[in-house]
Structures are given as structure tokens and as C-alpha cells.
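Below: the structure, in C-alpha cells.
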Amino acid sequence: MSKLTDFGKQRRETTKMVPVPSVSIMPERDLGSAPALECLHLGIEFGGLKAVDDFNITVGRTEICGLIGPNGAGKTTVFNLLTKVYQPTRGTIMVDGKDTAGMNPAKVNQLGVARTFQNIRLFNTMTVEENVMVGLHNQRHCGLATSVLRLPHHWKSERWYQERALELLDIFDMTGLATHEAGSLPYGAQRRLEIVRALATNPKLLLLDEPAAGMNPSETADLMENIVKIRDTFQIAIMLIEHDMNLVMNICEGLCVLNFGKIIAKGTPEEIQQNEAVIEAYLGKQKGGEA
Amino acid sequence: MEFLANLINGMSLGSVYAIIALGYTMVYGIAKMLNFAHGDIIMVGAYICFCAVSYLGLPVIAGILLSVVGCTVLGIVIERLAYKPLRSAPSLNVLITAIGVSYFLQNAALLIMGSDPKSFSMILSLPALHLFDGRLTISATAVITILACVAIMVALTMFTGRTKMGKAMRACSEDRDAAQLMGINVNSTISMVFAIGSGLAAIAGVLMCAAYPTLMPTTGSMPGIKAFTAAVLGGIGSIPGAALGGVLLGIIEIFARAYIGTQLADAVVFAVLIVMLLIRPAGLLGKPVNEKV
Amino acid sequence: MGFMHLKPQTHSTVITYAIVVVAFIVVTLLDGMGLISNSLSGQLVPICAYVSLAVSLNLVVGVSGELSLGHAGFMSVGAFTGVIVAGCLARMGVESELLLFAGSAVVGAVVAGIIGFLVGIPVMRLRGDYLAIVTLAFGEIIKNLLNNFYIGVDDAGLHFSMTDSSSLGMSQGTILINGPKGAVGIDKISTFVLGVVVVLITVAVVLNLMHSRDGRAIMAVRDNRIAAESVGINTTKYRLIAFTVASALAGMAGVLYAMNYSTVIPSQFDFNQSILILVYVVLGGMGNISGSIISAAFLTVLPEVLRPINNYRMLIYAVVLILVMVVPHTKVYQRAADALRERFHKAAPKPAAEGGEADE
């Protein structure tokens, strides 16, 4: 645990965040390449209510970025917009430099956005291994006729899916659970499986919706280690929604704070901790100027 | 003139569909189940009325009352025995049970009443209305059917809107668990809905057989399906939707029979349903439900 | 490698094929010994047809998770197409019954598949009970349209009309489809062996599809549509694949069914027929292929076995149906089942508990 906290600190010290014109901040190391995600004036209305308004953000290719804010601030709605579960009312979402306008959730995933869900959504009646194999669906093709006629290519593909799935499960020490039914897994394992399944789609940006919810401190510590490990192994951007401030402050390089659908602050964890508006949003207005 | 006659016939048939569809839609709203046996309750209602009038020699009004009471009891009994144990079961199991109940009612009727059609004509023999120097004839049955449908609609709207029981019904169909937590007896509310739906089915059965006077064990099955279609067309779960869907369906069916052909009338009715659902996937007056992510 | 060491998936697949093959051998042996009554041997081909229909409907209802109430419609498309193809082939001088059957079955399946695909495009825009009612509507529309089809064949080719058989304009041809009177004068070329072949093909297609890339996608959409979309699966496409394949297989079963009788009429393939097939699927278990096979065979035979008590047999059938559905959910049954389970599985293997998965 203490080793991990040190790891987080070390990471934070080495990361230098620089402002990107008018939009956000990014780690210095990601500046040379196109950002993994770029949102411009993103917004959605539900019957006149602006659930998310003028949301601008840039996420670097290997950045771990946190999206925080009080309950009901619109954090999950942002994820639903990014993955096109909701179609935005206005604004642009660029993934890896490509505009996602008019795409459906499946297309956005094929472009490189994978996610987990706040209320776990696994393929419950299928095995752990099969869940990951579904995640690998678009990584290799095998036609309907080929499968039904059991041509050699089918067997070759099946072996590939299975080997690859086990490799991915191994990263999270889950190979022992491969043949278990996903719905019967304990809660923590279900959360991890969701992440593995998302990773199987070979994303450029991984969205984690409250990955530490319901976990005890030691599980959370493991999770923090794993999130950093994922970023380092796969060299992808990770954006996470989380209420556990220990986790957020330790592993996130950039933070974005949302309240009532609007961004109220952006910056490094240190900057956010000092930010007046953020403290006010979380704790309410303090009388006498004492923060 | 022919157009007007068809319109009135359509509204009359549609009123029957509407009354049946009300039962479908209320049961769906509260129990979230497709009660495929609902059509056969119509048949049972019609048989009870038929027997009361022609075998027991009771007056027509008494026959109708008897059939309403009989079907209400039948509806409650069916719900208690067949559907109540399945509250937490997958919806398909409930559907198959409803189909089993439907087979049971049809075959029981077949055993008791035989397969030969019974003629229902003597029950309502009021003089027809002649308008426009006899160029337009409206049967008394049609008028009574339409009036009955309007009366039932008004009564149901008042019941669900004003009374305590009606509010409990609406609460249960909105969120059964929350309603239970608020102290509503969900089981008795569901029984109540089955009772009302079955009672309405009995009235529909009598009215339908007065207009189309052949009564067989399978009499209820096609109107049942059509009424189900009407309920979906109007937006299943919605009471005004069921009435609107029923009347529309009846009018479309009569016009299709008159102008397209008897053979293809049903195809037209179902085609309208499909087109309507593609334009408004939740029906005419239904509310679209979005899954929360 | 012993049988018990196979993966559970392979295990159940082997059992499924074994059921069909063993049943075929047993029935053939019994028939050879003259132990099968006339009424039952007349049911052999329909049993095969219903087994195929149940297995193919299970692909839609069990595997893909969509309630379809119009399966008989696709069965009838296959049946009537098959009759037309057989009629044409016979007129072209094809005499081999095997060829006639194979030709009809293939074309019947393809046409039913195409109709299934076309119907599926609008249907798959809907979900749940709305989807169910629309499949019902399509089934009824197909039945109604077939009631108005008049098709005949003569030396000049096929003739088609939607008014009556005399307007076909044929001098000396054969009428194949005669409106509400249905398909008439069919060559009864279906045999039990052909029936078993159709069953095996159906089972193979469904099982191979289930245990493949596309099958996993179909089941993923069933289990959680939103999660399936989030991993890049085009949900409409895979629901449509399941629906189309099932329609094609139903078409093939329809050919088998029709070729067992000299006449079939459109109203045989109505809503009640669809429901009957659905009952087989639900009783056999969602997504359980061997379950569908057993329940379809059992429930087709049951009314025959009950024939001595003719008047009451459908009543008993209805009661059996209700009891099978309701009894497992009654308190008495659940208590008994729990007691039994405790006695036999004292050390039931539970899935690894939280924090205990480091057992590898």
C-alpha cells in the first residue's frame, strides 16, 4: 500500500502539465502527438435542462485524467456522450483526431473508446473467458458461413480469441476464473472483468465509471496499481470518474471538476486541491473566508 | 351514405375491441404480462349470458349481470391459481401459463358446450334506427355498443383518477416495489385489476356476440389478438390509448373489408399496426421508456 | 482424452447429437420389429419438423432473447415455396424423390430466409413486447396473403394470380397453390430418414452458430445490449442474423412438414401454430437445444398417446402446461427442492469468494 502511494507520488512529480490553447492541459510528454480525446463545446439537454453544457477537454495519449464532482453533476452523462449512448445536442467530440459526429456506440468503440459502467454490465450468462472474447470481436474477423461450416479458419480464429482472452485475463490474475459464469463472480472480480473486456477492444481511450465503488481500501490500492499498469503496458489514455479522493489525487495527472453540468475547474491535483470554486462546490460556501 | 354506415359499424366493432383492449392494457400495466387468456374470457362471458337467457329463461339484463359476475370471479381465480405464483418468474413463463389457461378455457368450453356454433341473435332484439329516409340504417346493437364503450371509458377514467383504489393501481403500475413500501397491498390491487378487466371482457363478449351472432369455443381468440393489437397500437399500459387504438382498429378493419376485400382485411389491420409502431415505437399514446445507463 | 474431460460446451453438443442419433436408431429398430403403431409412425415426420422448428425458434427466443410469435409464418413460406419448386421440378422431368426434396428444401429455406431478413429489418428496430406483437402481425399477414395466392404451372412456366384459380390462364397445367384451399396434390416424399437429416442440419447450424464469434455476439446482445454496443458490436446486425437464420431453418422444416401431406392450407400456419412451437422452446429451456428437441418430440407425441381419452386430451394438455410452469414456483416445491439439494450436495462447489481467487 505504502509502496503504491509512493509510486503515485513519483508519477505526479515527474508529470508536468502544460496548458493547451483554450481547451485544457496535457502532460508534456503527450504534446507531440494528436490528443486521444478532444471535446469542444459539448452539451446535451434533456427537456430544456442542460445536463452538460460547454464541456471542453483535451486528454493526452497516455494521460490518466480524472473527472470529479458532486453527485448529479453530470459526470456519467459526459461518459454517455463520449460513447454516444446519448447523442449530444451540440459540440464536437474528436477521438484520435477523428470527428465522431453521427456515430453510434459500436462505431465509437471501433474508433477506440472503451468503457466500464457504474452499475456493472457484464454478459452474465456467459463465462469470464467468453466475455473477453466478445470484447475481442472486432480484433479478428471470421465470417458466418465459415463458422457454421466449421472451416479451418474458424478453428484458427477460435484458438486466437481464446489465447488472447487468457493473456488479457492473466494481467489481472483472472485466468483461474476463465470458465466461471460472469454473473456468479464476486463484485470486485466483476469490476475487473469489465475493465479486461473493455481493454480487449484495443482502445485508445479507456473510460472507467467509478471503478473503486464498493471496494475496500486494499482492493482500491490494487486497483490504483492496476490502472497505472494498464496505462504503462498499453500506452493508452484513461479517463475515470471517481469519488475516492485518495485514488484520484494519487494517480490522476490532470483533473476536471464538474458541477451542475459545467466545468468549474481544471488542473493538476495540487491546483484542484487549492481551488476555491471546487472547495465551495464540495463543501458549500464557507463563511468568514476560511477554507 | 355507405361511408357513414361503414364508419358507424367500424366504431361499433372498434368499441368492442376497445373494451377488450382496456382489460389487456390494465393487466399489462400492472402485472407486466401479456394475458393471452383474456380473449377466452370474452367467450366464457358470452356463453354464460347465452345459457342464462336461453336455458334459464332469465331476462337479458340479468344474463349480462350474471356473466359479468361470473367472469370477474373467473378472472380472480385464474390470477390466484395460475399467475400469482409466477410474480418473480421470467415473463415468458407467465406468457406460456396464460396460453395454457387459454387452451384450458377453450377446451373446457368445448367439452361443456360442444363445438357447434350457438346462435346469439335473440338476446338483443331492439328495432334499428332508420335515418335519411331509410338510406342509412343503424342497428340498435351498434348504438348500444358505442354508448357502453363511452360509459366504460368515463367510469374507468374517474376510477383511476379519483378513487383511492384507482390511485393505488396507478402507483403499482408505475413502480410495484415502491408502491408496496408505501403500504399499498399489491396483491389485492392486482386481483382488482384482473377482476375489472375480466368483467369488462364479459360485457365485450355479450356486445360482440349481439353484433356477430355466432358463439363457439374459439370465438374469443381472434378478437383477443385484435384487441391486444389495439392496446399496443394505442400504447400498451395507457387507458385512453387502448380506447383510441380499439376504435381506430375497428374502423380500419371495417373499411378494409368494404373497400379492399374480406380476405385481406386482417392483413391490412396488422400492416397498419406495423407501420404505426415503426413511426411511434411506443404506440400512439404510450410513453417511450429509455434504459438508464 | 476421456469424454468427461471435454469442455462443458463440447460435452452438451455431443449429448445433443447423441439424442437425435439414438432416437433415430431406436425408432428404426422398433419400426422394423413392428412395435410402432400406425398413428405414431404417421407422426414421425411431423415430430422431426416440430423438433427443427423448436430448435430454430430457440435461436431467436433463447439465444438472441427476442420473443417471436410469427415462426409459423416462415414455416408456411418454406412449405408453399417447396410445393411450387417440387411441382416445377416434377414437370421438368425430375423423378428422383431425393432430388425433388433437396431442391424444395434448399429453395424453401432460401426464400424463407429472404422473407425473414426483409421482415427482420423493421422488426429489429423494436424491442420486447412490441417486437413480439409485430412478429405476430407479420405471421398473420403472411397467412392472409397466402390465402389469396393462386399459383399454377404448365408448359409455359409459372402462373400467378390473386383473384382465383380460373384467372391463371392455363389450359392444361397443374394448380399448385389454390388460395384458401392451399397447396393441393403434393407428392408425399418426406420420409423419417429425410426428417432426421433436416433435424441434424438444423441442430448443426444452430449449435455451430452458437459456439462461434457471431454466436457470442448474439448472446452478448441478449445478456446486455448496452454493454455489447460498448464493445463495438452492431446489435441490430446480430439480432437480424439470428432472426434470418432461424427463418431459413423454419422454411426448411416447413418443406419437410408439407411434403408429408397431400394438402396443406395456409390457415394451418396461424398464430396458434407459432404459439405451439414457442411452448416447446419454453418448456425445453431457453437456449437449451437438447431441451427443445426433447420437449418438441414429447409434446407432439403426448396428444397421440392421450388419444384413448380423446375428449379430455387437450384439456389435460393445457393443465400439464400450466402445472409445468407454475409448480416450480410454488413454495412447497421450492422447499422440497432445497431439502433435496442439501442432502445430495452437502459440499456444493461455490464460486470463489471475494479475495479468494488467488487459487491458481
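Chains here go by letter, A, B and C, matching the order in which they are written, and residues are numbered from 1 within each.
Just so we're on the same page, a contact is a pair of C-beta atoms (placed from the backbone, for glycine too) under 8 Å apart; a residue touches a chain by one contact, two chains touch by 3 or more.
Owing to the predicted nature of the structure, the values given are computational and were not obtained by experimental measurement.
Chain contacts in this assembly form a complete graph, since each chain touches every other chain. With centres computed from CA atoms alone, C is the chain lying nearest the middle of all the protein shown.
The most distant chain from chain A is B, comparing centres defined as mean Cα coordinates.
Chain centres here are Cα means. That of chain A falls 51 Å from that of chain B.
In whole angstrom, the spacing between the mean C-alpha positions of chain A and chain C is 43. Separating the centre of chain B from that of chain C, both taken as means of CA atoms, is a distance of 31 Å.
In chain B, the residues that touch at least two other chains are 293.
For chain A, residues that reach two or more other chains under the stated contact definition are 85, 117. Counting partner chains per residue, chain C shows two or more touched chains at residues 226. Chain contact summary for the complex, chain C toward chain A: residues 7-8, 204-205, 208-209, 212-217, 219-220, 223-224, 226-235, 241, 351-355, 357-360.
On chain A, the positions that touch chain C within their shared complex are 83, 85, 104-107, 109-110, 114-115, 117, 121-126, 130-131, 133-135, 137-138, 140-142, 144, 147-150, 154, 157-158, 161, 173-177, 179-181, 184-189, 197-198, 200-201. Interface of chain B with chain A (complex): residues 293. By the touch rule above, chain A contacts chain B in their complex via residues 76, 80, 85, 117. Interface residues of chain C, counted against chain B in their complex, comprise 61, 67, 122, 125-126, 129-130, 132-134, 136-138, 140-141, 144-145, 147-148, 180, 225-226, 271-272, 275, 278-279, 282-283, 286, 311-312, 314-315, 317-319, 321-322, 325-326, 329-330.
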